[in-house]
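Listed next: structures, encoded as structure tokens.
Common to both upcoming complexes is subunit A, partnered first by subunit B, then by subunit C.
For the complex of A and B:
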């Protein structure tokens, strides 16, 4: 009996050891895979950042292995105040572009978020015939690629004489997006109906219920959707290039400036292009850092990851 | 008054008067109108209220109830019995599919929830998490545009009544379950509404807190004297709090009565089994000319009990005869209509023919029931459901006693629950712990308290005794 017990015990120990080793291998393997995936994301940013501080063209690893050698701010100076980056009166295209981009993106994001939230509230909390049908039709529109709409939209806005104005970039966004409605509907559905019923008995209208109860209760989700909307508008490269000429102080945007840089790129302008790109990244990075807490909470609240 | 009181003759267009009226029909219509007026006189009246949902489910069926001013009425029943739906219809949060609702004599079907002057307490409290306790309580008054000093006075008064003055600046998440429930009550109290509705307000609390909140709600009701409708699935809450209990099952009212009435004279087997802890014991036995015959035992009924038994079946026979006559009359009318070519189109003819078929099938069923009832009256021998409450089974070694093998013995402090098998049913008796010396008791002699026994018809499960 005793011998058998010992044998059994050593077998069990062996098994435990094997399992531990397997776990370690598994963990190391997963770290390697994650590190590779992370580097795919990080390396372009690294090259971008390092290149913006180097003088001569694209800085590959081969011709300049030390990333911190010969660093300077020439690229940023050129991007901000170089002859190519300024209008005749000396104003910086990048700074004006940044201003104009904000003027275009901010109202359309805020109003778009508001209209999306209203639709989401109706889809989640107001019972009416055909509610689901309307909602699903709206969801189907997300499957239409944006590029399909490009030609008709350009034609429409040109015919409306709105070419080279902010309207084509602002107005469509103000109606909200189906994806945002979908996310917010999920969040609103998680709010117990009793709140709505209690508010109805308290005697407030649906709009007030939405504004005074649902909006404060889903602030994180609204903020995260606002950030997503802002970033989507801010990152829209094609829109401003299609609708704005970018040749004066009011039609220049970040996108048109970057495009201008790209069009004229010679090896010595690479640094300026990289610096301009880094500058254009700053607002989104700041917003993400400031609102990261709301962003994560908002996405979790919506029940969709 | 915002809404005009509706005249009785306006409110039931579906009950169109027949073209020719004989005196009996006129009388019955007059009686109906009179009883309707009587109903409306009550503070809250629900007349033939029904709730249908889109997918064809019938959640509340022909709900008729009148509630007096300052009364505390409890709707009790298992989940899905329609009690919350009825409450929500009174609140105006659900539409009434058919029927009429009167609050303080006012036809209220079409009045919006905020104009019904109703305050409601929800199961999950529904306190707005972004507002403080004070703001939560003041919210509905602010919405109604009341002066600030009135709002403040009302909130402070309610807070004092409910002992939540010290929490007024806190947000709901900083409160315990009991405190949140008090705030929810306070939010209703400040409204000084005509009717208080409470939808399972204690379900989220632990057992101990539930008991203390139960008595607080009753005391609050006595202080503010508001007409209260309270929904619960907990029959103990219903028994301890209600002036009147409405027992519901499958969308139907099973019985309305005071807690005592409901407990001692349940209208049917469902009510008998639902009310009372532990539940009533049931088994089937034969009724043989005034004696109940069990597998190994017999129990003689008293003269009053036999009389009540006979009266039950005679009344049933009479009701069945009436129903059959009414149905026959309806069938004749429909047949006449079909043969007299007064039917407008094929669709109407088809629907008439279909309802004729249904009526004929109903008649066949009623005639079977009638034959069976007549048989029972004649032979005085039939199967019944026997029921007795655990406290009405006495440890006894007298003449009518029987021996029972104890399956399980549970100690509850001052009393034991003894489980045993009797005539094919699982029975439970409550016995004082002083009578039992040994917990491993194997058998015991019991006797039923004959005055307290209940009998139910096997077919309809209605109470005979």
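For the complex of A and C:
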């Protein structure tokens, strides 16, 4: 009995040791695989950043071993105020594009979030007949492919003389989106009904309950949905391409300006293109770094069906 | 409103007027997004159906100048060899989703190891392309893949391999698929990471004690655990891939031999590709093409749902 016990325990010890070694190998292996995959992501950004400061881009990759030699801000100057990057009056296309993008995206994101939240509150906390039917119809609408709408929307807005205005870019989003309603409803449902009932007993209206109790309690979810909406609007290229002419101070947007640069880029303009790309990425990357938690939460929420 | 004690429970009683007010408020607020959908999606769809049987006037899309042409638009689209190339390339582009899922799951499993240092940094790095706009991504890769001075091609040629060229028809789609995976894998990683944290660690430990090896653990514990997320990623990913076109439109001319997806094809028919001109032609053909695409999307989604259901039945 005793011998067996010892043997067993030594076996067990051996097993632990191998798993420890296995763990080490596993960890080193993980690092190698992750490093290789991460470099596929990091290196392009690194080259982008460095070439935005170098007149001959990364052409010096072979001949110039030091990537940090001869750095200058010419690319950023050309991207912001060069002759191809400005209108006749000297105003910078990128800066105007940035302004217009904010004018378009901010109100539509904030109002869209507000209406989505209102709708989600009704779907989660007010009991009335037909509520669930309406909610399920809303869910079905998310399955419809957006591409069918492209042709008719351009046609309609042209017929209504709203082509080349902000209307098609701002107003549809202000009604809120079914996806957003769905996630906010999930969050609101986690708030106990007792809070709402107690407030109702005190004679407080649903809107006030929504605004004073539900919104503050679900601030993280609202923020994450807001950030997602803002980044999506900021990165939107198709909308401005379809509805704006992009040829004057009020109809350029950041993404279309960048695309214009991309189309014109000859080898001597590459530094400017890279600088413009870096500039366009700053807002989203800053938001991403500052609000990574909200961002990830919003994305995860958007996937749980 | 008042509180009543019924069978030892406090119950909130509302009178008729209160209930009606509540219902009106609820209906109005819940319906706002649906009104938006009705005006900006449902009505356009109906108009799109109508337009697909119309020939618009010369150089504009005014409703009053359209004439009925029957099935001509559909005939044009379905007999256009460029449309069928577009269908092929669009289906090929759907490889992006399974590739994103495979790499996403591998990376998510690697970074979910709590003993790994720097996991948050890795996660952030992989997610970076996802916050980039498509235009920025295309700008980076257009520079990297420049046939004459792109760093990527310099490396390839220096080690004796041929340079990559987007305009080479046999290389267009592989490069575009790579770009799709590059910018989309971050989303899969986030989704899989969330799914992996939801898998009961007790089950994993128990399977270890029972002597399951890594592969058995993956196949019997991890894989079923991430099945729902996988299905979600597959369905939404494929629906997205079938509609992909911005990166194709930015990097390739509409005359490109390959890489003109269905959405790019119909966009090209709808509008002059230059954003600064407003001349619009072929809205009828574009509508017909978009309905062909819609039918394709619905068909593929139905097949996926049926396959998922069948698989669910067989495992029960």
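Heads up, the rule we're going with is that the second predicted complex is superposed on the first by the 261 of 305 C-alpha atoms of A that agree within 3 Å, B and C clash if a C-alpha of one lies under 4 Å from a C-alpha of the other, contacts with A are read in each partner's own complex, and residues count from 1 in each chain.
What we mean here is this: a residue touches a chain if its C-beta (ideal position, glycine included) is under 8 Å from a C-beta of that chain, and two chains touch if they have at least 3 such contacts.
Note that the coordinates shown come from a computational prediction; the quantities given were computed from them, not determined experimentally.
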Given the touch rule stated above, what does A:192 touch, subunit B (first), subunit C (second), both, or neither? first
Classify the contacts of A:166 with the two partner chains as first (subunit B alone), second (subunit C alone), both, or neither. neither
Which of subunit B and subunit C A:76 touches, first, second, both or neither: neither
More subunit A residues in contact - subunit B or subunit C: C
Look at A:230 in the shared chain and tell me whether it touches subunit B only, subunit C only, both, or neither; answer first, second, both or neither. neither
Partner chain in contact with A:154 - subunit B first, subunit C second, else both or neither: second
Answer with first, second, both or neither: which of subunit B and subunit C does A:206 touch in the superposed model? second
Look at A:288 in the shared chain and tell me whether it touches subunit B only, subunit C only, both, or neither; answer first, second, both or neither. second
Which superposed partner A:217 touches (first subunit B, second subunit C, both, neither): first
Just to be sure I read the superposition right, which of the two partners does A:176 touch: subunit B = first, subunit C = second, or both, or neither? second
Based on the A-chain superposition described above, do subunit B and subunit C contact any of the same residues on subunit A, and if so which? 197, 200-201, 203
Of subunit C, residues touching subunit A in the complex: 1, 3, 12, 22-23, 25-27, 29-37, 39-41, 43-45, 47-48, 51, 60-63, 103, 106-107, 110-111, 113, 115-116, 122, 124-129, 131-136, 138-144, 146, 148-149, 151, 154-155, 158, 182, 187, 190-191, 194, 229, 232-233, 239, 242-243, 246, 250, 263, 266-267, 270-271, 275-278, 280, 283, 286-287, 290-291, 293-294, 297, 301
Give the list of subunit A residues in touch with subunit B in this complex. 192, 194-195, 197-198, 200-204, 208, 212-213, 216-217
What part of subunit B is in contact with subunit A in the complex they form? 88, 91-93, 113-115, 118-120, 122-124, 126, 128-130, 139-140, 143-144
Show which residues of subunit A lie in contact with subunit C when the two form their complex. 23, 26-27, 30-31, 33-34, 37-38, 40-42, 44-45, 47-48, 51, 57-59, 61-62, 115-116, 118-119, 121-123, 126-131, 134-135, 137-138, 141, 143-156, 158-159, 163-164, 171-172, 174-178, 181, 197, 200-201, 203, 205-207, 231, 234-238, 240-242, 244-247, 255-256, 258-262, 265, 267, 270, 273-274, 276-277, 280-281, 284-285, 287-289, 292, 295-296, 299-300, 303-305
